[in-house]
Amino acid sequence: MPPIDTPVRLQAVAGPGQPDVTPALEQLYRDFESELLIPLWTEIGDLMPAHPRSRATPHVWRWSALQHLAEQAGALVPVGRGGERRAIALANPSLGGRPFATPTLWAAIQYLLPGEDAPEHRHTQHAFRFVVEGSGVWTVVGGDAVPMNRGDFLPQAGWAWHAHHNATSAPMAWIDGLDIPLQYTSESQFFEFGRDRISAAERGTPERSRAERLWAHPGLLPVGVTHTSPGSPLLAYRWEYTDRALTEQLALEQSGFAGTVEPGHAAVRFTNPVDGRDVLPTIRAEFHRITRGTETAPVRATGSSVYQVFDGSGTVTVGDTTWTVARGDLFVVPSWVPFAARSEAGADDSDSGALDLFRFSDSPVFEALRLDRTDLHGRESA
Amino acid sequence: MPPIDTPVRLQAVAGPGQPDVTPALEQLYRDFESELLIPLWTEIGDLMPAHPRSRATPHVWRWSALQHLAEQAGALVPVGRGGERRAIALANPSLGGRPFATPTLWAAIQYLLPGEDAPEHRHTQHAFRFVVEGSGVWTVVGGDAVPMNRGDFLPQAGWAWHAHHNATSAPMAWIDGLDIPLQYTSESQFFEFGRDRISAAERGTPERSRAERLWAHPGLLPVGVTHTSPGSPLLAYRWEYTDRALTEQLALEQSGFAGTVEPGHAAVRFTNPVDGRDVLPTIRAEFHRITRGTETAPVRATGSSVYQVFDGSGTVTVGDTTWTVARGDLFVVPSWVPFAARSEAGADDSDSGALDLFRFSDSPVFEALRLDRTDLHGRESA
Amino acid sequence: MPPIDTPVRLQAVAGPGQPDVTPALEQLYRDFESELLIPLWTEIGDLMPAHPRSRATPHVWRWSALQHLAEQAGALVPVGRGGERRAIALANPSLGGRPFATPTLWAAIQYLLPGEDAPEHRHTQHAFRFVVEGSGVWTVVGGDAVPMNRGDFLPQAGWAWHAHHNATSAPMAWIDGLDIPLQYTSESQFFEFGRDRISAAERGTPERSRAERLWAHPGLLPVGVTHTSPGSPLLAYRWEYTDRALTEQLALEQSGFAGTVEPGHAAVRFTNPVDGRDVLPTIRAEFHRITRGTETAPVRATGSSVYQVFDGSGTVTVGDTTWTVARGDLFVVPSWVPFAARSEAGADDSDSGALDLFRFSDSPVFEALRLDRTDLHGRESA
Amino acid sequence: MPPIDTPVRLQAVAGPGQPDVTPALEQLYRDFESELLIPLWTEIGDLMPAHPRSRATPHVWRWSALQHLAEQAGALVPVGRGGERRAIALANPSLGGRPFATPTLWAAIQYLLPGEDAPEHRHTQHAFRFVVEGSGVWTVVGGDAVPMNRGDFLPQAGWAWHAHHNATSAPMAWIDGLDIPLQYTSESQFFEFGRDRISAAERGTPERSRAERLWAHPGLLPVGVTHTSPGSPLLAYRWEYTDRALTEQLALEQSGFAGTVEPGHAAVRFTNPVDGRDVLPTIRAEFHRITRGTETAPVRATGSSVYQVFDGSGTVTVGDTTWTVARGDLFVVPSWVPFAARSEAGADDSDSGALDLFRFSDSPVFEALRLDRTDLHGRESA
């Protein structure tokens, strides 16, 4: 989107605190326009609302539709240098027809055919992959081949070289999350092409990445390795551990001990083991499990989130809208819009399990800038 | 600007890495549109450029024009509840006709007539005032009346109650800087009306604010007062100190000692005495003095700045554009656009002094998110 | 040790920078004594050496002797209120006959008979337990019963209530590490008695503590629980994970990748998952594995360490002293004394394994106060 | 003090929790002794008291006596390489006859004759100078000559080269404060000799140091200079500013506004302008002003302090001891001993002023290690 010289257009309006609309005022406004000036008094209601009113709209994208179109793209669209990735992004209906799920977050389905390689590049945008189903692709980050399987969360900090390759005979789809809109708005992004083809060794198919072998031991850090760059050195957070952590929280709750967010609602945050902070400097990632029959208390906060249903079924309420959701569905919660979820059996649902939700948000940005505010179950905290 | 449901419109294009344009592809793009999806491969050049390409344009606003229009507004526009402030903002020519000097920064001239009061309110947006000439207005922050005089920098952290009153018989103009575009984009802003009229005591005209009496002693902090909110508790940084600090840097340089940024170029940063960090969480403010005949080395960095010429004259170069500037002129430096300044006598300039530049920027945002990168005299650092 | 009014005794000496010894000087020194004054010029060599010269002496305590005496104590010494614990501490031979392993660290063997309980108390001293062999005791920290088994590291932050109970039919011994000398010197210690007997529920024998169930998932933190007190919320670091982490580091090294401290020398640090920092504010704890035949490069650093041989055999060199060591042996490395270890088969050693060393030190104290300095393989860093 | 091999001597005692004194127990204790072991159960009362019981004793040193003996030393003791400084340290009566004012702090009077130079050296011990009366000496820190005058506080961070020279025709005395006992105990100290004679340029007598010219502007930091070492880059905190800050606090209090510690008690802390933290990593320095007739509320805290009376007169109470104090007197407040001060006219006191107290303490150490606890006016906070 190249810069466009947009003319300033001012319109005199009536209202409290507004000047009388006279020919002199009209002339003043014309003079403002020619000098590229805009008064506060006509704009303040939009610029300085009593509380955030997001330009984004709550919206849901259905997994079946995403999958279907990704398959179509697989048949029609190559993966190679220039286009770089077969990724298809969610475009919030009220963000200008741009590929932005929220004002700060990008969410896309990416699709790779058997044997395909996505070429190496790097960018300052922080990224992760999350796998709702399937397997067979290895993402190669800094030369380290990382397998991707259902339930895994795979962060990749900005400016790390990365490529992907499908080492199996089946196509695979997954979700990419990035801070593209944030860096687009802040104008901080850099990008470089890497090698067109990674080495044979990097195209191996290990069961665990080297990153996991070094960094995925609870509470243990290697003494001989220093990690100072932003973002976690741990390149995969496996479903096995996430599932166990959630299961344990609920079991502890059953025994009368603290651990969950609220009754029937367990949650873990993916963190950087080096400092315990968010896994990426601009993106928070969490996993929430809501037991069958539980409804979470409504929460609203500054900042936006994207959720993907990992398992189970139920309803989610974002502001005034309620959807029935099932595996793979993605939806957005804009800034300061209340959110609640209820776990319940779907129409064709035979399982008795919980509603499992993967969530990512821009909360670290708001906390770093001290712009975070939360209205928790009606009690506001700043 | 209410949310607008913007349709997604995709256009198949030819190019490296792009799919062949076939009827099937056209159909796929139509399906993407109806599902609110946008491919990465058509957008990557815009979203992920090799380096930041700002939507903002370098531009200069002349002080004489601003002053003239502010006076006109003084005659036509009331100051009162609803409109809140007689402030007129710079609108960058390529930021959509919005009152945004840069993608993150607001800069406006504010004007108050003799005896006028601007009513009390508060907002999460961080703000400051800077006085290029004149005096007579007291800004009342949290009940503390703070005089404003030429050269003074007056920060006011988010969510602090504030009003202004002109206690003299002359009008006064000054510059407001805020992070309105940043908070508009991040959707974190809250606003509340305060009292329509502040008390008689608050409308006093002390020579120094209480804040200065507590916090403006070099290296000394009060033991009995805890300040934890974001932003500096010091509400005025007086010209006397700024001028002296710059003079001393240049004198030290003359004696062969370090202190300046580069030969002939002194600079100080306004900081929070409680933690030595930037005076506001989202805004950096600095004062630069460039001695006559000196040209600064070009620098480019992620993030944007607004400069106001405080004194002297010279030329400034922003990217490919060079302007001759004089007292009061304001100009913007967009992200990653090189900037240099040269101090030289103006056409009608009889003084032999330096070019004094006030600068504010969004650097703290980039540093907090670890998105800062600087290309300093050709050597890049990240 | 109650304060003792110690008279000041000064002795005139000859040497560079010393005053001539005259009757007048002798009189001056007598006057200094009566006014409780001591000159720098006679003391500077002791007070301000060119580099640290520790009062502590390198020393080794043999596990067989410790075990034997602990058993004896089991027969003769009760465990109960007043004496509190059947713990027997290492007394460095040159630290004044005090129970201080080093100037900052306490190390003791603790011994509990079948069915015995150590009563509940709390103190500001930070503590941990480490198990070189045996099992059967649960330490109950904040009401959470934590099993103790060979290889486990169990931290317990200051001011946490804790008791121990032996739930089996065999006695058990383990190692306690605390910062008693540091807090004794800094005069910061508080202590409170708790309940004489913990509840039946707390005397359960779970396989895993509640703390582990919440906090021992790699890179995952519970969203619903805030932990702000100093020290790790994770109350047990299990041998299974430690062993695996060390094994993986060496396997990565074998494959040509970074991960170890130096060739053949793997090490992990026990860290607080909440912030990635040391597990206790004043104590660092690490596990080192040195493969058979490897000799580590000599290192010296400010601060002191206590090591316990966990497995294998070899020699360790502390300054000018070299000992052959085996399982359970404890030894101290004083400040700025070079340390190196060599893994080799013992006299009666039939295993082919590595030398496994558990280490704890006061490094976090030095780093917090910016007094850390390391001389690493001859290259000094500050 | 070289290490001394101190034998372990154990004595069986009777009491709660103690074993029966039998021949077998006596034998066990003999065996402990020969193995360098000491039981906890006999030592716990000393090692783990209910609250800190300092080994230090409250004590006062009179300025007249210090001055007199410093003058005597001036006549008898040279200043030169080897002895390094004509400094005479306070020796707390119950700290073993060592030159330690408290377990962590060194305080000494230093004395320099007209024309004398103290040779250059550096050490890791953090230091400051405080001038209760006189002038004429310049301390030369890192080649920067810093004048010393009544009321000035002059910090000098560890490992900075420094010398002193008396450029006048009168002798001068001042107070040195260092963390010598802390670094002696922690065994972290390094020391190096510098040049025997500093250059002629460094022996100049500027009115202000270069450090002040760069760093002593309230809230302003130089953009072109990075200061990362521990300790403040500002080498002098002038009395003019300290006095004004205290005067303003009391004036604000008079007008009904917050600012003082408590009614009639103003205080400022000397801080590092780079980060707002304590001026030295291990030493806190403050100035307290207590108006005539005011008595401060008793406070006790972990850590120790040394006070010097700068002006006025009154009484100070440390634990159970109360002294009448006057200008120059020094006294110590040990850990967890309550302290209060009362400002009142002395016997021969004609002034109507306040009691001005300079204080330094080891509080940053306790805060960094999270060992700080304060009992403030009876309300304890941790």
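Each chain carries a letter (A, B, C and D) given by its place in the written order, and its residues are counted from 1.
Just so it is clear, a contact is a pair of C-beta atoms (placed from the backbone, for glycine too) under 8 Å apart; a residue touches a chain by one contact, two chains touch by 3 or more.
The structure displayed is predicted, hence computed values, not measured ones.
Each chain gets a centre from the mean of its Cα atoms; the one farthest from the centre of chain A is D.
Averaged Cα coordinates give chain C a centre that lies 30 Å from the centre of chain D. Centroids of chain A and chain D (each the mean of its C-alpha atoms) stand 53 Å apart. Put simply, the C-alpha centre of chain B and that of chain D have 44 angstrom between them.
Among all residues of chain B, none touch two or more other chains. Interchain contacts (touch definition given at top) occur between A-B, A-C, B-D, C-D. Per the touch definition, chain A reaches chain C in the complex via residues 210, 213-225, 232, 234, 237, 241-242, 244-245, 248-249, 251-252, 257-262, 265-276, 279, 286, 288.
Against chain D, the residues of chain C that register as touching in their complex are 1-9, 15-20, 22, 24-25, 28, 31-32, 35-44, 46-57, 59, 61, 65-66, 69, 72-73, 75-78, 80-99, 103-104, 108, 123-125, 159, 180, 183-192, 230, 281-282, 302-304, 334-336, 365-366, 368-373, 382.
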